[in-house]
Amino acid sequence: MKMEFSAAQVAAMLGGKVEGDPEIKVWNVARIEEGAPGMLSFLANPKYIQYLYTTESSVVLVNENFVPTAPVKATMIRVPDAYEAFAQLLAVYQEYTNNKVGISSLAFISDDAEYGENCYVGEFAFIGNRVKLGKNVKIYPQVYVGDDAVIGDNTVVYPGVKLYAMTHIGQNCIVHSGAVLGADGFGFAPQADGTYKKIPQIGNVFVGDNVEIGANTTIDRSTMDSTKIHNGVKLDNLIQIAHNVELGENTAIAAQSGVAGSTHLGKNCIVAGQVGISGHLHIADRTTFGAQTGVMGGVNEPGKMLMGSPAYDYKTYLKDTVRQRNIPKLEQRIAELEKKLEILLSK
Amino acid sequence: MKMEFSAAQVAAMLGGKVEGDPEIKVWNVARIEEGAPGMLSFLANPKYIQYLYTTESSVVLVNENFVPTAPVKATMIRVPDAYEAFAQLLAVYQEYTNNKVGISSLAFISDDAEYGENCYVGEFAFIGNRVKLGKNVKIYPQVYVGDDAVIGDNTVVYPGVKLYAMTHIGQNCIVHSGAVLGADGFGFAPQADGTYKKIPQIGNVFVGDNVEIGANTTIDRSTMDSTKIHNGVKLDNLIQIAHNVELGENTAIAAQSGVAGSTHLGKNCIVAGQVGISGHLHIADRTTFGAQTGVMGGVNEPGKMLMGSPAYDYKTYLKDTVRQRNIPKLEQRIAELEKKLEILLSK
Amino acid sequence: MKMEFSAAQVAAMLGGKVEGDPEIKVWNVARIEEGAPGMLSFLANPKYIQYLYTTESSVVLVNENFVPTAPVKATMIRVPDAYEAFAQLLAVYQEYTNNKVGISSLAFISDDAEYGENCYVGEFAFIGNRVKLGKNVKIYPQVYVGDDAVIGDNTVVYPGVKLYAMTHIGQNCIVHSGAVLGADGFGFAPQADGTYKKIPQIGNVFVGDNVEIGANTTIDRSTMDSTKIHNGVKLDNLIQIAHNVELGENTAIAAQSGVAGSTHLGKNCIVAGQVGISGHLHIADRTTFGAQTGVMGGVNEPGKMLMGSPAYDYKTYLKDTVRQRNIPKLEQRIAELEKKLEILLSK
């Protein structure tokens, strides 16, 4: 991404003031303690001030009232809030790297598919029948958008995502590579002879607005109706969301967790990594599950924090894990008691 | 999927009798309590009778002997078994949505590959050298079928599946998007200098008939011979099946579980979600593992149910999880005993 | 892979001596106890000698000093070390099956991308702007190589791998199908209204030399700088490596394990399957974690073996799991004590 900017250009973008060489060029960012020529860094945390005097970065953003106590080799740009300014730059930078527009002649787009202005459809992408893409939708190479799928404005779908037929995704969403939305739910009726008969899965996946879905995460279509991912949900990588599940607004789930069929999570829940949640449960709003928790029962009261397998109160769980390691001491105390009692009884 | 049917057409399909408007159209299905115009619902469970009188669905399947106790707005279709009839409709519907036929001019098919009648090969699919596809095989867009792979009649391979060279899949199978069959098993010989030397993995993956493989599930090729998935096995999403594993007939595994190298599972086993099974074990037929179980030893007796990590008897495990939370009470009882004994001894 | 060799050809390759029919043909390998005509087997372990006299394999490699005690139907090839010779053949065989060369006219390669001699770029692969591929790089069909990515000599990237922009992969690496490198790290700033604001992830993924990455494994790009996978690391399938993680040289991780953000693992660590490692930890060199371990704290001393959740000493953990099942016995002993003490006190 050899996109170079001079210190003066960066300062203009941020409304900052250059102190040093306004013509010096930067083309990427680095932590101040790991700087290199051509890098832009920032200094916000006083703990890192020492690095300002030794950094190899070409440009450093500093708070406007910062007073150095030694010579600074780097060019400084003074801004009201160095951290905020840096975050703003990162966002601009990321936006820039995602500014692809245009329909590749190497994509396949069905005749009856529709798309809004400023869309990108990359090479070897497949857009099925009656698909509707909003404005500014970015479909990267090798994505599959099945028949009758709908994707809202400004949503980005990274390379290789597979959206089965009838999947609905809202606005301002991000779906990362390898995610699969709409595969059949895992539903089979056991037969007398030990085989299984497939239960047709004819619902779909419905994703709201402002949702992010991580790489290789899978969300199954419902048996009927929709598996529902509400607005603002954030899903990390390699997560399993089974059929008929519903995830409430702004619920965030970390990598490798799974939610079994027909379970409903409330709003603003936080699920750490490698958590498993059984099927057909109702989990109240603002519930938090610690890492590797096994959730086998519903949670009625909002705002609870649980851990362990089966899950229970987080603090008690942590105490219990310590207690379980004290069992040898308990055994000793019991043996001691038995011995003393033996003596007493034998008197 | 705007495939509309009149109530009369649905009734004809099911051998049922229309009560209401035979011309009313339906184009999708919904639960009776969540009905809407254009939807078809069914009433089988007496618990849901109340919804029949209020549903917005256009058509409802009911048992032929059902007697309503209030006016019904929806058109009813009377059939011998409403649930069965509904399931039958779903199956037809799903079949219809999967009726693609024809070889896309945008697919790549090696000159020496063969395929039977009524095959579908979608856009950007790759079919390698000497591949053999049976009749009615559906290869969706962006699928990779490596050299010398064989796929049996009526098998459906969804978008983006990757089948390495020499993979064998039987008849009537379904492989969901993102599944990877035939990647190298994880085999390395530790060297004196701390590095690893790769052990070549030159076997393949052999999948029987009537197998379903979930999205983003991975099945590694064996070191030699085959990793074997027998007839009727059902695998959910994000499952790991390591090299040289064998899964017996009709064994079903839920999402995010993993089976390590060279382990053999018997027939009709049931493995819940996030279970881990160590390598080189033999698991008897009809073994059931509860969610998140860690299996570190073999299971000799068929039909057992295990849970916990390390795994042991399911019921005892559940009791033990409660007991472990009673340790504080045990501590109290011991302290009490110590106090009383102290008193006795000091007398 | 109908690549046939005569016994004489195999012997010439290995510097061995034929005993039997030098013209007999083999085209694949099999365990000696599962042999078949056309197969090549080996006999190294004396335990398997019995199978030599009954095997259906056409050719068997034996140690040069081996003396049969009964007639052998198969053609034997005598070599200094039968196991070594067999492994050598497997490596040649695997190399042969991976000898693809040439740029497909159905691939998309940006005008400013560069590639060395003997490269393979398969059908429907996408090579972005300014990408640099070394010599002998194999890019299989449907792979995505994002802008500014770099791939070193002799690296193999299997079908459907997705490398986001700026990903760097060293020499002699293998990346299996469905792996995703460089998706955004899972970073969000909670807002006052319960929603999350995305923290831009503008770093990249940096992979050293001799690294193998399993199918459907995900490695996220860092917030800044690089998520670093050092030389010789071996990753199995379905692993999650979060942003800003660093994996030291020759560290090996089994399937379905996850490492949370900003954690650094040392060199030559061994992580078994389904292990979860929390974020912001430092793990010393040569640490081993047992299967399903939950690592919630750092490890300072090198060479330790841990297990359990939360993780602690491996041997103690295994003893404790047994002890925890003895709680009912402890309860009994306490009850017994209470009864006896009761009697004493009532005297």
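Letters are used for the chains, namely A, B and C, taken in the order the chains are written, and counting of residues starts over at 1 for each.
By our rule, a residue touches a chain if its C-beta (ideal position, glycine included) is under 8 Å from a C-beta of that chain, and two chains touch if they have at least 3 such contacts.
Everything numeric in this text was worked out from a predicted model, so none of it was measured.
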Shared touch partners for subunit B + subunit C come out as A
Have a look at where subunit A meets subunit C and say same if over half of the interface residue numbers show up on both copies, different if under half do.
different
Using CA atom averages as chain centres, what separation in Å is found between subunit A and subunit C?
25
Where in subunit A do residues touch two or more other chains at once?
124, 142, 160, 178, 216, 238, 256, 274, 324, 327, 330, 334, 337, 341, 344
Which subunit C residues qualify as touching subunit A in the complex?
108, 124, 126, 130, 142, 144, 146-148, 160, 162, 164-166, 178, 180, 183-184, 186, 188, 194-196, 198-202, 216, 218, 220, 224-225, 238, 240, 242, 256, 258, 260, 274, 276, 278, 294, 296, 309-310, 312, 316, 320, 323-324, 326-327, 330, 333-334, 337, 340-341, 344
Given the complex with subunit A, which residues does subunit B contribute to the contact?
1-2, 29-31, 34, 87, 90-91, 93-94, 97, 104, 106, 122-124, 140-142, 158-160, 174, 176-178, 210, 212, 214-216, 232, 234, 236-238, 249-250, 252, 254-256, 267-268, 273-274, 291-292, 321, 324-325, 327-328, 330-331, 334, 337-338, 341, 344-345
